[in-house]
């Protein structure tokens, strides 16, 4: 039986991406690595919608490493407003506080997003120089609408940090156009490479006044290495995860070949098929319809943990719910990375079956039927 | 986009099977290879339902190599009746004739199988010492019922050769119980390893009088090497495809872990879901229902070749039809190797969509809905 | 032409180690990953000579991440003496200072090591509660003699941190026996896995008073996850580099199979053959003979950078020198990870040839001849 | 410990070649396979020194399959002279006789080659229309000088078949220039891909009168498929070993990148270093010096089998001797495929050590020293 990963952590990746990471003992000074690093840094800029007014960073680490590192662009003495829709938004709180950075928090209920109005009321007080938000909240599958929020926020704050861990490569970020200061991500989520690299795209103007609260997290230490890597030269500071970056480079080349817009559209199609299918089968998606993200779908069920367990036995790995207000009441379907239309059907097939076994009233076959209709309607028919 | 192989040639295999075939320059005298060869020979016996009254053979080659090699067990001067349901059954004709072996042919129309009655009428003439038949005919997806045919044939002939290329590992062969003289196969079809090895299981009693019409195809030359491999020793005659055999060994270990019966049942469930789905969607399966095989489904459509082409664009590789009486009138879905339930839905999704694009009247969603019902009904629900 | 990595960064690893890191989309909740994580944590303890009085940690990151994280065991207000023999010893200085930790430094000239006497003189002042040292200094190939230094230091300080990045798995660490508080390492150096993981083994008694100067670097946050992983359960805090840990697990299983002592002995044999060969060829090893390490050899030459460049053309990747006092005056041969006896000859062959091309007076053939004698003498001959 | 394959069967190949053979279920109708097949057929022509007056063939199988298949170009009623220097030359005898083809044999003692004079004496009788010879005899490491022999033979016979299994890609074949009718090879020897494919390059003029003694071995059946593959189209006759051909395609692309002449020269340099090293160490090479081949070296020793066994324990796999006149009296070192200069030193190091352990009088270190001198002298020094 083939295993299928539809988790929200390491996402579904491809043979070729994984194999690209294996080499005949390629060191960090080898031409292969230097080429892959340069290409990945450039690809990162491109996928974020940035240009050379921004500097890309790739560090050994994870999304959390990217969060803590990018915090170093927030000057001591400035105040930050955090918009959080769940667990991963909340993670900024201990990070900021561990470095004595001032932070206020606006939270939404699970399945909801902080509204533009609520944010603007806070920002109007004039207390904030910085804003942090999560594009797609992995714990609930909620997506914020950057096109609406960022332009409003720009009127009030100097620095906007967007957590794109669960969105970069599957949703539009457009940092340059929108005027976002920094976006962060990680190799293993929406991009679909193996885990091991922390990614950041930061406006060069924000690099002038780094808050040096650490050695490794000090972005100033990483500027020269990244500039060198962008020139195709060795930029050693701390050993990069060579294999992960060779894989990441393959991801960026796949995105280039497919086109970023087509990749985003494919994720959208799968999302609509999956989520409409879930509702057709008689279950409920946690997020409000207009907040559905392209990468994570949270499904409500009192049998959630049991459904995840039984799905694993059928060969599909989902994720349990982690929002403290809804533990055991929902599970999550990841649809990031190297996914395709048919994964919507696979997910629905296993959800219908396991939910039914667990006692949910499910219309067997109605979910997959509806998903197939959506796929058909959304696909170019020529 | 992930590519999905649902072809009837090299079948869908797994990461681990492919990677098992790669090694640190493992030579044919290395312990790793000798262990894999021994294990594969033993696994081959086991999957065929044979015991040590039979000798297993693994040669560099393909299914055709196995066909031609196994022909050497037919003594000059004996006469063979061939039951053929399509193109691959017909291939025995030039092979036999190139070695001057006498052959009569009983053929069925595409989608049909030669009947027990028709066969018995021929055998009753007393002219035949040998019978050859194809368990699953790859060109039409038709399966012969060995349990019914073989016992009747046994009353009349001395030697029965079964072509199990498209069945071994996905259908019951039971050569010992049924009294089959030899079954052949290839690594890349129902077993699901990469292509490159010809497989045979031959009754030891049939090895006494080999027809030595060739050096390589002379089974006599291969007896001692195979006996040595079975003892874990180097049995070199001609270089074995080392990587393919390392992969094959992983396949046999996967079958051992899953259980052959469970593997056959999984193939059956997929077949029923797929084929009922096809009919629910408004298309027709070529084979009569009682002849449906666990590994190949032929689907009738005047737009068959176009459907195959468009399906490839959607990421799923089917096979065109090759039966000379129906060229362009049907296509084939392979469901061999490392398949699972969800592949039925994937195949149906792409068939519904591409058939509809091509002008077939298809009830979008009805095929996948019906397949899902079948999967649900056939799965253990506890 | 096959490429050979004899660098001091990512070290020479094996096919099987690299391939172990590839899987069918193995997520961080999968049984495969949980098993590999548990096995790696246990293996890390074992290779460090620790027992359950210590807790092992594996984090996404690098050696530098391990350095900064382990610093959190040093309580605010305590004073640390750093023994440094080169560039990587010196790296503790900005790390400590970025967190306001007090530090005094004892340095040795390149190729030398800080002596026990010099250290004791400092410690006798009674000013220090902590000691930090580097077991093998990657920039010069110098090894400190833990057996001599640590017992003396134990008389004066409460906490001893050893940087084992370039030694763990290739030199004896024996943290329990010697009373070392914490040893750190990274996946890609002496252990020979791909880069991407920071490793620590820390005395549990030192975990009571963590200096919480960061979120990610706060060891307190990682205690519960690691305890859970040790029980075989999911211990998510930040996404682990799944592939790297699957590879690392293979490394620990290889060490278990070979025996740690045999692995260390193999590294010693190669070191002696290589270094004696270098001197027989007419070149000089930077480190004093009694300081030769099992993993890095620095070779003096005014043509060092040119030798590295030409060696790369011959297919062998060495590392240039990085000690600021000797830039361009030496190069480094890494002999870590999946090395064997013959790598000494390969390194010497390319060194003799390229050094000669570059103008060094080299006795062509004398280096490899001497190395071969050493290998012969040091090998069990029965 | 890293394993090193210096066998004469599957040769030392590379990561990338092996990994090229793995894919996301690439079927034989996929564009990837069709491209690799076309490129391999063209590469095969090029490496053989042929042009479109020749047709290249790649079949599932082995060297023996190529031998038996190519025999079908010998018309019934013609007479063949076979020049054989050992076991693999002798293999033509049963192959020819199994098809009733007339054959006379000229044999050389082990380590010697049939001379031009002896051949000419036979050919002058006018009895022969065909000549068969082995370029490099794998059982003894003896190379025939095609440049001298072929022009003489051309005066007497119509068809010349050269067995290039152990030479193609490592020695000049120049079939067009010399007027050779057909050369055969296999994927896993001098070319250095994994085993599984039989290779032939046959003059188109020889394809007009195929001796149809088999179905699979009937070259006539393979002409149309190969022509189609050369046009980039699917040419199915019997399932090709897809993975092996993907790997083979990578080999041909590596040869293209390196240059065939440079590859041959690298093999020559290694041969001279190895063989002179063997004699400097006090052992003897079986073949006369002017017959040394670029791919196989046979070494005389009364302890040969023991040396092979102990070398395996040291991580290097040699081959035992198979010439019936010298069983147990010599062993063979393969230096085919992805070898480099340093493999000469590795082979010599293990030979010196194990031969000495076994009781041979060996000058430890003298072999490697001499080999290093030869490498130095034969390398471009600029």
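Brief remarks follow.
First chain written, first letter: the chains are A, B, C and D, and each begins at residue 1.
Rule of thumb we're sticking to: a residue touches a chain if its C-beta (ideal position, glycine included) is under 8 Å from a C-beta of that chain, and two chains touch if they have at least 3 such contacts.
Worth saying up front: this structure is predicted, and the values here are computed from it rather than measured.
More inter-chain C-beta contacts link the pair A-B than the other of A-B and A-D. Computed centre separation for the pair subunit A/subunit C is 34 angstrom, with centres defined by C-alpha atoms. Chain centres here are Cα averages; for subunit A and subunit B they lie 44 Å apart.
With centres taken as mean Cα positions, subunit D sits 53 Å from subunit A.
Annotation for subunit D: residues 2, 4, 12, 14-15, 19, 22-24 touch two or more other chains.
Viewed as a network of touching protein chains, the structure reduces to a complete graph with every chain in contact with every other.
Against subunit D, in their complex, subunit A makes its touches with residues 14-16, 19, 22-24.
Residues of subunit D touching subunit C in their complex: 1-2, 4, 12, 14-15, 258, 266, 314-316, 338-342, 345-346, 349-350, 352-353, 356-357, 364-373, 375-376, 379, 381-382.
Across the complex, subunit D is touched by residues 2-5, 7, 9-10, 12-13, 18-19, 21-30, 60-65, 68, 91, 94-95, 98-99, 186, 188, 194-196, 212-218, 236-244, 317, 319 of subunit B.
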